[in-house]
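Both complexes below contain subunit A, partnered by subunit B and then by subunit C.
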Partner chain A sequence: MIERTWRVGVGARLFALTIIYSGESFKRFHLTLREIYFTGVMSLLIIVVSAFFVGMVLALQGYNTLQKYGSSEAIGVLVALALVRELGPVVTALLFAGRAGTAITAEIGLMKATEQLSAMEMMAVNPIARVVAPRFWAGVISMPILAAIFSMVGILGGYLVAVPLIGVDDGAFWSQMQANVDFRLDIVNGLIKSLVFGVACTMIALFEGFDAPPTAEGVSRATTRTVVISSLTVLALDFVLTSFMMVV
Partner chain B sequence: MTTNIVEIDHLSFGYKGRLLHQGINMVFPRGKVVAIMGGSGSGKTTLLRLIGGQIKPSKGEVRVAGEVVHEQDRDGVYKLRRKMGMLFQHGALFTDLSVFDNVAFPMRELTDLPESMIRDLVLMKLNAVGLRGAHQFMPAELSGGMARRVALARAIALDPEIIMYDEPFAGLDPISMGVICGLIRSLNDALGATSIIVSHDVKETFLIADYVYFVADGVVAAEGTPHDLMQSTLPFVHQFVHGEKDGPVPFHYPAAHYQTELLSEQVV
Partner chain C sequence: MDRTTIDLWVGLFVALGFAALLGLAMKVGNLTANKIGATYSVTAAFGNIGSLKLNAPVKSAGVVVGRVDKIEFQSANYEAIVTINIDKRYDFPADTFANIYTAGLLGEQYVGLEAGGDEVVLKNGGKIAKTQDAIVLEKMISQFLFSKASETDTKTTAPSAKDAATGVELKAGKSTELGDAPF
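For the complex of A and B:
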């Protein structure tokens, strides 16, 4: 228990230092851009493919239920709301933790194990400004964009199943969606969620890498912990954020 | 300007309840190659980390260029580190950067030099270690000896006043070992720097060191020129220098009585 509390403290300190040294890091924004490529662009394939299938399954399951109540035209709304409000931000964050989060943890853990971070320190180069901050901001910037792409591709997948395959009316699919999806309550709230998940997932990955014992086993365990802790944090945060958004 | 660029004064350092150093005194005069020798786990590398300000002593102090290292704030420590270059045991090259970019790294991070000047300086540093022709390689494409030489070029990138070497000969073939050995001495003399070598390779270290400290049981067990230490009759120094199996440093790690342990039913 003491060790866990200590780790939370060390994590919070790393987060504070990351924010403090972000200015230093922004002076060379090309480092952040490079990390956006590795964490964001390189995650696109898994995000797009997953979103496509999630959207198609949503349409199938949704149609199955809605047709019993004679509301099969509402399938577009169902798919869009489910994706924009919940599945887009949450599934993107879970996939991000599995794909980019583990890569960040393993990379920093190995940099520590091979004394690359110590070498940087000895050169009077701050590893938090040079290594941690660019990766943090890359994750925070990438996550909402990935979540938005997830929702768009998911809706496209849902459309392909609902309209050409099942035969739902094309106009009804889009018009109902347009009429019932609110920009402020649905889209902006979804983006806020993905932004918070971006901060949480990236910070967890960075902390686990930074805190990993400098051994093969240590890095392996840190990588596993990144996925487990990020996933649980995303699900818990999703509940908390949804509750607040419903009240407000 | 003081004669000694680094001074270690009554230094004690403990870790996890174990006292690693107890009242160590050492001086490192400008322009000299000074070696710290001792068995594995005797805290040699820790001394380098104390000089570099990566850890703080429990008692005593380390002074670099007259400044007490552990009394400095972050900016003060970084200012002192700009006077230092360090060669890590396994090179610690940045694996995502090429040989050229590794050597250019401290120049790009710590100076405002134009890229054209950085290019020339990097090629000069690589030429000094004989690897100008390998500037485009990635660290994974280098042999152990080549990686160590690139790391050395990076360590001297900003012409430091102090160059620290952590086990520079470990795991190298005889040719690479001879190359590194020669480079340490020639670069030290060419740059007018002070070199601190942490090693347990007696032959190579004695060949280039001006002065040697032997660390054992947390204290300086012996010190002197390589010639003095070769002639030393101190049992520990004699055993270490001549590579004898048994002596003050026992072959066996402390354990229960051999016969008793073999005959006992206790599961290890």
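For the complex of A and C:
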């Protein structure tokens, strides 16, 4: 218990240091760009493919139930709201933790194990400014972009199943969606969620890497912990954020 | 990998993100659908607004001509003051009738405007005098039950008011009355 609390304290301190030393990652922006390439661009494929299938299965399942009540036109609303409000940010964050979070943890853990971080300190290079902060900002920038792409691709997948395959009316699909999805309350709130998840996931991955015991076993355990803790944090944060956003 | 290649990919990634957001805003969300241009606002007092929400549509002949802007409770005469914004392109007579309708059986509530015959039109800050409250389903059912109960009461005996009230409850509990009713 005390060990856990201690770790939370160290994590919070690392977070504060990352924010303080993040000036470097904007001054030498190519460092951050490189990390955006590795965390964001390389995650595109998994995000797009899973979004497509999530959207398609949502439309299929939604149609199955909605047609019992004779309102299969509402399928567009169902797919769009589910994706924009919840599934977009949450599934993106879970995939991100698995795809990019583990890579960050393993990379930093190995850097520490092979004493690259100590070497940097020897050369008077702050490893937090040089290694941690660019990865942090890359994750924070990538996550909302990935979530927006996830939602849009998912809706297109849902459209593909609902309209050409099932035969829901094309106009009703989009117009009902437009009538019921609010830009501020649904889309912007979804983006805020994904931004928070981006901060949480990246920070957990960085911390676990930084805190990993410098052994092969230590790094492998830290990688596992990154996925578990990120996923649980994302799901818990999702509930908290949703309850804050559900005013009135 | 070359630095410029990375820049290109990241640029593409960000552009894709913006395109997705734009798509969400324009095609999925109501950012474009909500525009009704310049408006003028009028108020209407209702005894009961049901579950009318802010931003609910204001329709005339089924066409959206405005939005509900503000809903306030006026404690002076216990009425709800609803402020609605109407598109500048449309003029309504001063004796326009404002109703609160429900879209479909379980749909959202909206304000329906029925034009009167007055020569004078509503101006910005004007007030709609003729209004009709939202229909409350419980009230309607209880009215219907009472009228049914009083019918059967007059057929048999006419007991005291207190007995009649309990009689209504019994009738409602049996539910055969409701089942046969042409509701």
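Here, the second predicted complex is superposed on the first by the 247 of 248 C-alpha atoms of A that agree within 3 Å, B and C clash if a C-alpha of one lies under 4 Å from a C-alpha of the other, contacts with A are read in each partner's own complex, and residues count from 1 in each chain.
Here is the rule we use: a residue touches a chain if its C-beta (ideal position, glycine included) is under 8 Å from a C-beta of that chain, and two chains touch if they have at least 3 such contacts.
Values in this document were obtained by computation on a predicted structure and should not be read as measured data.
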item: Partner chain(s) touched by A:Val41 [first = subunit B, second = subunit C, both, neither]; value: second
item: Subunit B versus subunit C, judged by how many residues of subunit A each one touches; value: C
item: Touched partner set for A:Ala124, first subunit B, second subunit C, both or neither; value: first
item: Touching partner for A:Thr224 - first (subunit B), second (subunit C), both, neither; value: neither
item: First (subunit B), second (subunit C), both or neither touched by A:Glu115; value: first
item: Contacts of A:Asn64 with subunit B and subunit C, given as first, second, both or neither; value: neither
item: Intersection of the subunit A residues that touch subunit B with those that touch subunit C; value: none
item: Residues of subunit A touching subunit C in the complex; value: 30, 33-34, 36-37, 40-41, 44, 80, 84, 142, 144-146, 148-149, 151-153, 155, 174, 177-179, 181-183, 186-187, 191
item: Of all residues in subunit C, those that touch subunit A in their complex; value: 1, 3, 6-7, 9-10, 12-14, 16-17, 19-21, 23-25, 27-33
item: Contacting residues of subunit A [partner subunit B, same complex]; value: 110, 114-116, 118-119, 121-126, 130
item: List of subunit B residues in touch with subunit A within their complex; value: 52, 54, 77-79, 81-82, 84, 86, 88-90, 92-95, 105-106, 109-110
